[in-house]
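You will see two complexes here that share chain A, one where it goes with chain B and one where it goes with chain C.
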Partner chain A sequence: MQLLLFNAFNGLIQGVFYALMALGLALILSLNSVINMAHGGFLVIGAYLAYTLSPYLGFWGALIVGPLLAGVIGLAVERGLIRPIYKRSDPLYSLLLTFGLALIIEDLTRTIWGAQGLPLEVPDVINSPVSETYFFITGYRLFVIGITAAAAIGLYLLLRYTLLGIRIRAGTSDLETTAALGVNIYKLRALNFGFGCLFAGLAGVLAAGVLGLTPPMGNSLIMPSFVAIIIGGVGSLFGAVLGGLLIGLAAGIVTTYYPAASEAVIYLMMLIVLAVRPRGLLGEEGLFE
Partner chain B sequence: MTRAATIAAMWIALIALPWWLPLIGGYTALGSKVLIYAIATMGLNLVLGFTGGLSFGQAAYFGLGGYGAGMTLKYLVPSTPLAILIGTLVGGLAATILGPLVMRRRGIYFAMITIAIGQLFYFVIVRWNEVTGGEDGLAGFGRQDIHLGNVVIPLTDVNFYYLVLLCFTVAVAVMWTLLQSPLGHTWVAIRENRRRLQFLGVRPERYVWASFAIAGFITAFAGTLNALLFNFTSPQDLHWILSGDFVIMIVLGGMRSFFGPLIGVIIFVVAQDYLSSLTDNWMTFIGLIFVLIVLLFPRGVFGIFDRRAKIA
Partner chain C sequence: MQAKVSRRRLVQAGAALAASTLSSPPILTYAQGETPIKIGMHDPLTGTYAAEGESEVRGANMALAEINAKGGMLGRKVQLVVEDDAANAGLASQKATKMIDQDKVSMLMGSVSSATALAVNQVAHGRGVVYMVTGGHTDPVTGSQCHWTTFRICTTTYMLAAGLAGTLYKKFGGKWYFITPDYAFGHTLQESYAKLLKDLGGTVLGNSLSPLGTTDFSSYLIKAEQSKPDVLINLTDGQDLVNCMKQAAQFGLMKKFPIGGGLSELEVLRALPKEARQGWWTLEWWWDQPNTPHVKEWVAAYQKIHTDGTWPSARTWFGYAGLHSLGLGVAKAKSLEPVKVARALEGLELPDEIKLQPNKVYFRPGDHQLMSSEFPGEDLPDGTYPNLFKVADIVAGDKIALSVKDTGCHLDYKA
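After this line comes the complex of A and B, so read on.
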């Protein structure tokens, strides 16, 4: 029982990272119509920049600045590389472009910071176990859950109540009309892409505290995030979060009984969902609906 | 030069390859690898270029073919033709069974689902250690000499190259015939205007399924040859990075052209071979190739010459 709880909780934490990644991916997917294969790259950028900056800024400063820098780099990438190919209606090109970026980012990370794993120091205040029986529930893990919940709620409020959020949702459902109504959709898409990358960076810093840093860490998190989106339902941000948590939890539980299948199970879940309910659990039009 | 003459010249160059390739610093196995990847990418291009389905997980069927062939040789029978047959069936049937889950999807969603399905097979192979060798890959099998009646053909590097060339020729003939048939024309119609086809009373899903399944068989066929070429196969043969490589090879050559993928494969495989011997950061350069092709040469090498080829 203890073991099951242990694995389930570990799975839930993994699921939180999937959910954060999937949120950013889904944002970019719906408004920019781009499958951002480089999303794992932005996660790695956020994590490594936080690692490099933490001696100067401390953990808390790095937790804020790392994701912000990932977002800024995302803005630059969108402006320089993605924007020129929006006019090509075939999504193939953005897929290949971001795929190339993913390769470049992983390789450069390895060159700059080395291939070995690096640890991200987490302050003792939040790193101690909450109870002795449940040693695996460290304060940091609860903190990760808290930050993610805050980020998701913040995004929800932004999309629901601010002008920017309303424009993003409008652009998602009908980009042309939104443009015709006088919204600068280039700026809108750029900001949205930046937001997505910011979420990836945040996932990176948080994940680094649990898993440590390695150059391929982003690429191993991105595939389950796709699955999270497919299971949760394309077009629904809440679905992406739900999907991420579900597959993380499922992988954790399966680890207890049959560790070899812990990765395969999430893809099996996806196949089942696709066969039974092709649009995903919450797959409906519009964001957060 | 007419088309027929170009194609004849191409085959003469391919037949003579074991003589001229070493002269310019290549080796016969590199020629085999190019032809194997050409079979795989031309097969994938049935879905990608001709049917318009963004299949981004094709390496899964390539790898399944390889494992099917390797495991046949290792555990079942020491026979090269049977290994090729069984491997092709394993990969092809996997694509056929999963086809219904992807055939209704379009664009981005087709891509995401094919990628994710590819990962399923990747993890099955990686984790099923006892049988597949896990992360280390499957070794301990070797391609067997071919027995034709009383004649025994030893599969040396050069002879194996000719076997691959024979397989390439057969695959090309099959694909060419398919594309000339009503089935092939329906594929192109789906790519050009799926909705109008539905108005005509055609159900595109079935044809997308057929396209996906046939591409799966052909890619798996290439995968079996790949395993036999190296007498080894590893999970990297199923990885989504290889899937991406296949797609960029096709785009590089020109996805609207039948032989385009072959050109893309030649450029990409030679560049990869050369770059990885030159620098440790070859992945960065491969990534740059992706970015530059997308930004500057979206129509591929063939597209530069062929004005009719347009960007969809």
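After this line comes the complex of A and C, so read on.
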């Protein structure tokens, strides 16, 4: 029983991490209509930049500046590569483009920083368990939960109460009308893409604290967040968070009884959701179908 | 009207991402000459074993340069064709077949993952091509699935376990919990350890199988902690080992019980933060051997080529010794004829400037396994790269290897 409790708890913590990545992905998917296959790439960029900067800025400084730089690079990528293909009606173009970009980023990372794994040192303050019994609840993991909660709430407030947020939501539901009302949708979409990449970069730095850095780290981390979005519902940011938590919890519970299936269970859940409720748990009908 | 992204498209995209590792172009290393002898090398250049794969390729390229500087093989220049197998068995056998058919390679070498070594073992035997396994450790490669075409540089999983099991038992006690990578290498290594532990009088408390490429080890570590072991035996390798040790350190598990394992590598030690760099492991080669001839010169030669601040690892040596062994075999056979090369390699002893370790190092005729040494020892948490490991002993390979009869290997030259 204790083992089940531990694993369920542990799965939830893992789910928080999936949720953070799924948020950025969902943001870009909604307003930019881009399935950002390079999301893992921006995660890697944020992590490696933080690694490079941490000797100068310390962990805390790098945690802020790394993701910001990933966001700025995201802005540049949007302006140079994504914007010219918005007018193509088939989303396959942007999918292929970002897919190629993901491969380029991974190889560039390998060229610049090498194929060997690198450690990101985490400050001692948060690098130990908070209790002897619940040893799997480390200061660092609590910290990740805190950051994710802050980011999710911050994003919610931004979308709900600021002019920028209202425009992003308006653009998501009807881009043409929003543009006709005089909103500069190009600027809006650029900002939104930058935000998404910033989230990816943040997830990257946080992941590097547990996993260290390797050029392909983005790919293995990004798959569950795709699943989280599909389960939670395409088009719903809250759904993305919910999806992330759900798959984390499910993997945690299954691992207690049948560890070999703990990876498969999230795809099984996706299968069931797709069969029973294709729009996902919180997805809106018609919006993305 | 803007097209929206459909759910269907998103699912397709995910599938495409998963399949994306299946295609990438080969890397050719050209040497001069009219009709070069081509040797095909498969190694993971991407994925969890990418660092190890790169080291093997670097080692092979060092040997390549030396061989060509001395006139090549049989007076012909040698060319290395390198293919990325992404540590994926299906991909490895595809690439091996491609190198035989399209690139017309005369011999094959490579592997970090045991799964790829087993796959290419079958391909090479089917096509009658000599295959030098550089880094796939699982027993059957030179055991139950051995073939006359296959030779192996790195040690067997049994040898890895046998080099360390006694020390772990004596130092820490007999109740062991295992975390084992879920494929050929992990399975045979864990079986060897379990058998050795039983003979010593200890018990296996449990065994968690982790898929290759696992990033989150927390659930396995929770199970291990709940079993209250005398020692946690961590059999993962590559980036998986890095992730597992980092998380164990963050959970404070090193304060509760010691951790030991099968195989560690310089590539892994370098990626570990100091609090996770602990425990007893086996290495298969080490750069710091003050009393062994040629080692210092070889390290210097490596660093003259690679100015990225890295030091050669066991993997570098695998690639180096692998290509040189093929060269020695061809020279002794005075032919590229696979049967003649294989016969020439049987019993072949590596000279000092290639073996780079004490003890007699030779290909055992009965199973084609190289009898190279194990370097068991302890991680140094306070060390700095490359001083990250203290070698406790250098154990001769033929002292700990299973006898040819016990490996289950029957070489059949007719088949």
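One rule holds for everything that comes next: the second predicted complex is superposed on the first by the 273 of 289 C-alpha atoms of A that agree within 3 Å, B and C clash if a C-alpha of one lies under 4 Å from a C-alpha of the other, contacts with A are read in each partner's own complex, and residues count from 1 in each chain.
We adopt the following convention: contacts are C-beta pairs under 8 Å (C-beta built on N, C-alpha and C of every residue); 3 or more make two chains touch, one makes a residue touch a chain.
All figures in this text were calculated on a predicted structure; none of them were measured in a lab.
Bringing the complexes onto one copy of chain A puts chain B in a clash with chain C.
With both complexes superposed, C is the one of chain B and chain C in contact with more chain A residues. Of the two partner chains, chain B and chain C are each touched by A:260.
Of the two partner chains placed by the overlay, chain B and chain C both lie in contact with A:278.
Using the contact criterion defined above for the overlaid structures, shared-chain residue A:136 touches chain C, although it does not reach chain B. In the superposition on chain A, A:84 makes contact with chain B only, not with chain C.
Contacts of A:99 after superposition: both chain B and chain C are touched. In the superposition on chain A, A:33 makes contact with both chain B and chain C. By the touch criterion stated above, A:14 is placed in contact with chain C alone, chain B being left untouched. Applying the stated touch rule to the two superposed structures, the overlap between the chain B and chain C interfaces on chain A comprises residues 29, 33, 35, 37, 89-92, 95, 99, 102-103, 106, 223, 226-227, 229-230, 234, 260, 263, 274, 278. Interface residues of chain A facing chain B in the complex, by the touch rule stated above, are 29, 33, 35, 37, 81, 84-85, 88-97, 99-104, 106-108, 111, 223, 226-227, 229-230, 234, 260-261, 263-264, 267-268, 270-271, 274-275, 278. Interface residues of chain B, counted against chain A in their complex, comprise 48, 54, 56, 98, 101, 104, 107-109, 111-113, 115-117, 119-120, 123-124, 126-129, 240-241, 244, 247-248, 251, 280-281, 283-284, 286-291, 293-295, 298, 311-312.
Listed in rising order, the residues of chain C touching chain A in the complex are 1-7, 9-11, 13-14, 16-18, 20, 45-48, 50-51, 53-54, 182, 208-209, 211, 213, 215-216, 218-223, 225-226, 239, 242-243, 246-247, 250-253, 256, 267-268, 270-273, 275, 308, 310. Remark: chain A residues 2-3, 6-7, 10-11, 13-14, 29, 33-35, 37, 86, 89-92, 95, 99, 102-103, 106, 110, 114-119, 121-122, 127-129, 135-136, 138, 140, 175-176, 210-212, 214-217, 219-223, 226-227, 229-230, 234, 251-252, 255-256, 259-260, 262-263, 274, 278-280, 283, 287-289 touch chain C in the complex.
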